[in-house]
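The following pair of complexes shares a single chain, chain A, combined with chain B in the former and chain C in the latter.
Here is the complex of A and B:
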């Protein structure tokens, strides 16, 4: 859809007539009270489940979303939009600047989680939905959940922020900066102007992806899955090819990522994550972000997630409890690190399903 | 010194007449029983304490080594050599290949921790030392300590492996591979042949350093030191300059590193670390690595070290206990992550001092 209403961004600039690419799953009921807005994470997109037409692989949340799954497409109407700043159809640095007729590149305005959420709010008008049944997201998607409820306290019945934080930590900023510097170190990046030259900073983007990928997995899961296993060889080769399976795996993750992702979008989205500081929007008091809301929260963290550890998720619970908000919380036992929310982790999928079903039956 | 004796490397090649650059501190006593061989870590060098003439900054272990310090230069004779594969004078990829008269680059043989230790063993002959008082090292230096005792079970009275592991974990291989890929992604790397072109892969090497640097610090210490503090500004700039102090800090760490370190050496040394698997040298039984030794061990780990966590250090203690070896162990409470062993951590410095003094007085 093209958003006609001007949107004033946090940076001060205003954008107009910009596209938001979205997908829907399931059917909106007559009462229009079964809609769930799913927010995607850094490298996600609108193709939540089924086959992603760009990658020809399963959508990023196929474990959780589908008929009879936790987010049940037989029951709910699921909407997911590519975030602005992204590279899967929504307005981003790969679009043309209407003022210059050139690809934006780094002339695209720096966006924030708040901007992303405000842009996606237009989907409610688009579908004439007065109140969502839920907003759900993991990682950066969880940040959008928090920001959404803060901005629109009476626009969703429930909210499920998963494996996230209300404020990006120094370590997480550091890892994002590492990714940005890897992209900037690639000569092909050319200060963001690579479209016109038909080149792209694939090597730098692959390194950024490798760095991020390590942070998504736990030390234990890497050890159990890869350990020191060799890659299609019986002995060390005493060279710099990928001797170990973990090396080969990381290289592969880097190489497939560049086929589906734009380096400039990677810069913009990581920047938005780093800028996210919801308590900072309320003079340091996170509770104030939610003081208007009657939304029912369910917060989920994972034991082995060291990127968004349980404590950072609990801080949100504490802030909500402090104002007597309706909040549930569960820490799921999982060895799979931050990626747990994307994987087949039965305890997690059950907890999510139960929360939604129970809340929906109260409708 | 030039090592005249041929050294057969693990890769099968033999090196001859190769240089080892070393420094000494304190004086060797008449009985020659007060010598300590200190092994440096990945980016360390032979300049343990005092002013490093290359960087004009304090040596890397100035907190621990000096008059009346833990490793007391009034009492002990300290020797530290640049590892082979390094870039501070010992034989490495920046040296000339005697066969081709060209700089080795990636034609330098891939070396191992075992090769490093065997090369440095020549220092004992050089100083006519029959038995060292101690071998000490942190991180990759600790790996050398373990390998030294395994190779030369009667050549040191004591051994202090600090913040290390007997076998490089999948996560640590992953982070090293990330660094190597960052260097390889820099066009200036040119498959290791950059000397002849008077260029160097500084951008890639800086990214590798940033990645490693994040792993040296704990999440908590980054949060306490940097948090979300801005760098010389009151508000976010909505751009890609370093808004946050942590970004500025990482960029600085990357930029100063390239002035003192060679990218090819970074590849070789990280490879040696990844190849390190002491139990693997003994069919999986770490105890067998030490079954000959009467060396007295003191193993030190740090609570917040997530790169070489306490458990990996304890595994060494367990293997030594299994054969009734003389081993002490302490886990030091510190928020400073893996870097703790390089920093002013009083409990650590005291423990190290006490162990050495007690062992020395038994002489």
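Here is the complex of A and C:
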């Protein structure tokens, strides 16, 4: 889809005639009241379920989305778009700058969560949907959920922000900065101008991914899965090769990531997350972000998520309760860390399914 | 439907906002939603019960009444209900004060430790009483602050809170408690239900 309508970004620049790549699953009913907009996280994309044609692997939320699954494609019409700033077809730093005819690189405007949401809002017009049944997302997807309801208080019946925060913490920013500096330290990055030279900062991006990946897991799950197990060897080698399985695992995660992700997009998206401060948009009062809304919220956190811990999710619940908004909350027991929302965690999938089904039958 | 819940429902007006603290599996919420046009939500500490409420389509917040009531603004509900949970709190007095801050009116039900069966059990057997309302052993009971109807009645008065209505439940019978019959009710009632206000 090419968005013709100009979009004024938070940075002050305006973009127009820009592409948004999206996928849909299920079918829109006649009343057009069964549509769900799913927002993806930092390294996600529009291929929510089924086989991702780029990676040839299952879509990132195959556990939750599909026929008879929590987000049931037999029942609902699911739309998921690649965020702007991304690298899977929506307008991003890998596109050509219409003014210079050169690849944007770091000349792409800095975007925010608000910009991403406003860009995706065009999908409602595209499908002529007056009101969504739900907006759902985990991690950065959850931030988009919050921003969506704040921007469009009467455009969705329900909202499910999962494992997220209304404001990026210093620790969150610190981890993102570590990733960005890893990319910048790779000579191939070349200040973002690497497309023209046919090179890419794979090493830097892989290190960024390795560091981030650790934050998505819990200490317990790492210990149980890897412990101090050695990688295909009986003894330590007294060198700097990957002696331990965890080292080998992280190196592998880094290496497969660079095949599907663009380093500049990684910079832009992590920046957008760091800039996210919904209470900050309302003079420090998060409740004011939702003042107008009748949207029914369901907030979900995970016990072992230390990146977006339960308390940060609960702060959103508290802000909604302060204005008497309709909000439910559950903390799911899981030792799989922040990644829990992407994995097969039955209690989570059950809660999500039940919430959607019961809210839908109220229609 | 438990008699207790029927009695609670009769105390609540239509078209009101209600918070059920310690809502369990949501039985009371469901009953109130069906019978009166009530905007009701629950606060529940057990993850298992929260899941049950979600499966019933009820709005529930996982949380602990002793720490999580502070998120609700003053007088944000017309009624706050606390059904047979008071005795499980570390600090029941603080919880009551919080309930009265959050709700314009508060409905509290308590299992009556003054009931003759419990008194007799302790007197004859010399061991901690176990009944259908209080089915636990002394070492595994969540009920750490048991009281009698009389204790609670006097406590609320001593704090200068107003008791609008107090009811005694014994088997199928629901009856009013007042100053003149409290000794009798304290001896025969299994449960006490109190509608109070600041």
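Operating definition for what follows: the second predicted complex is superposed on the first by the 363 of 363 C-alpha atoms of A that agree within 3 Å, B and C clash if a C-alpha of one lies under 4 Å from a C-alpha of the other, contacts with A are read in each partner's own complex, and residues count from 1 in each chain.
In the analysis below, contacts are C-beta pairs under 8 Å (C-beta built on N, C-alpha and C of every residue); 3 or more make two chains touch, one makes a residue touch a chain.
Computed from a predicted model, the values in this text were never measured in an experiment.
Visitor: Go through the superposed model and pick first if A:10 touches only chain B, second if only chain C, both, or neither.
Guide: Only chain B; A:10 stays clear of chain C.
Visitor: Spot which of chain B and chain C makes contact with more residues of chain A, would you?
Guide: Comparing touch counts on chain A for chain B and chain C gives B.
Visitor: Report for A:181: first if it touches chain B alone, second if chain C alone, otherwise both or neither.
Guide: In the superposition, A:181 contacts chain B only.
Visitor: So, does A:153 touch the first partner chain B, the second partner chain C, both, or neither?
Guide: neither
Visitor: Going by the contact rule set out at the top, does A:50 touch chain B (first), chain C (second), both, or neither?
Guide: After superposition on chain A, A:50 lies in contact with neither partner.
Visitor: Touching A:19 in the superposition: chain B (first), chain C (second), both, neither?
Guide: A:19: touches no partner chain.
Visitor: How about chain C: which of its residues touch chain A in the complex?
Guide: Against chain A, the touching part of chain C is residues 17, 41, 47, 50-51, 54-57, 59-63, 71-73, 76.
Visitor: Note which residues of chain B are touching chain A in the complex, please.
Guide: 10-12, 106, 109-110, 167-171, 173-175, 177-178, 180-182, 184-187, 203-204, 206-207, 210-211, 214, 217, 219, 222-223, 225-228, 236, 238-240, 242-244, 246-247, 250-251, 254, 267, 271, 274-275, 277, 280, 306, 309
Visitor: Quick one: which bits of chain A touch chain C in the complex? Just the residue numbers, please.
Guide: 296, 298, 314, 317-318, 321-322, 324, 326-333, 347, 350-351, 354-355, 357-359, 361-362
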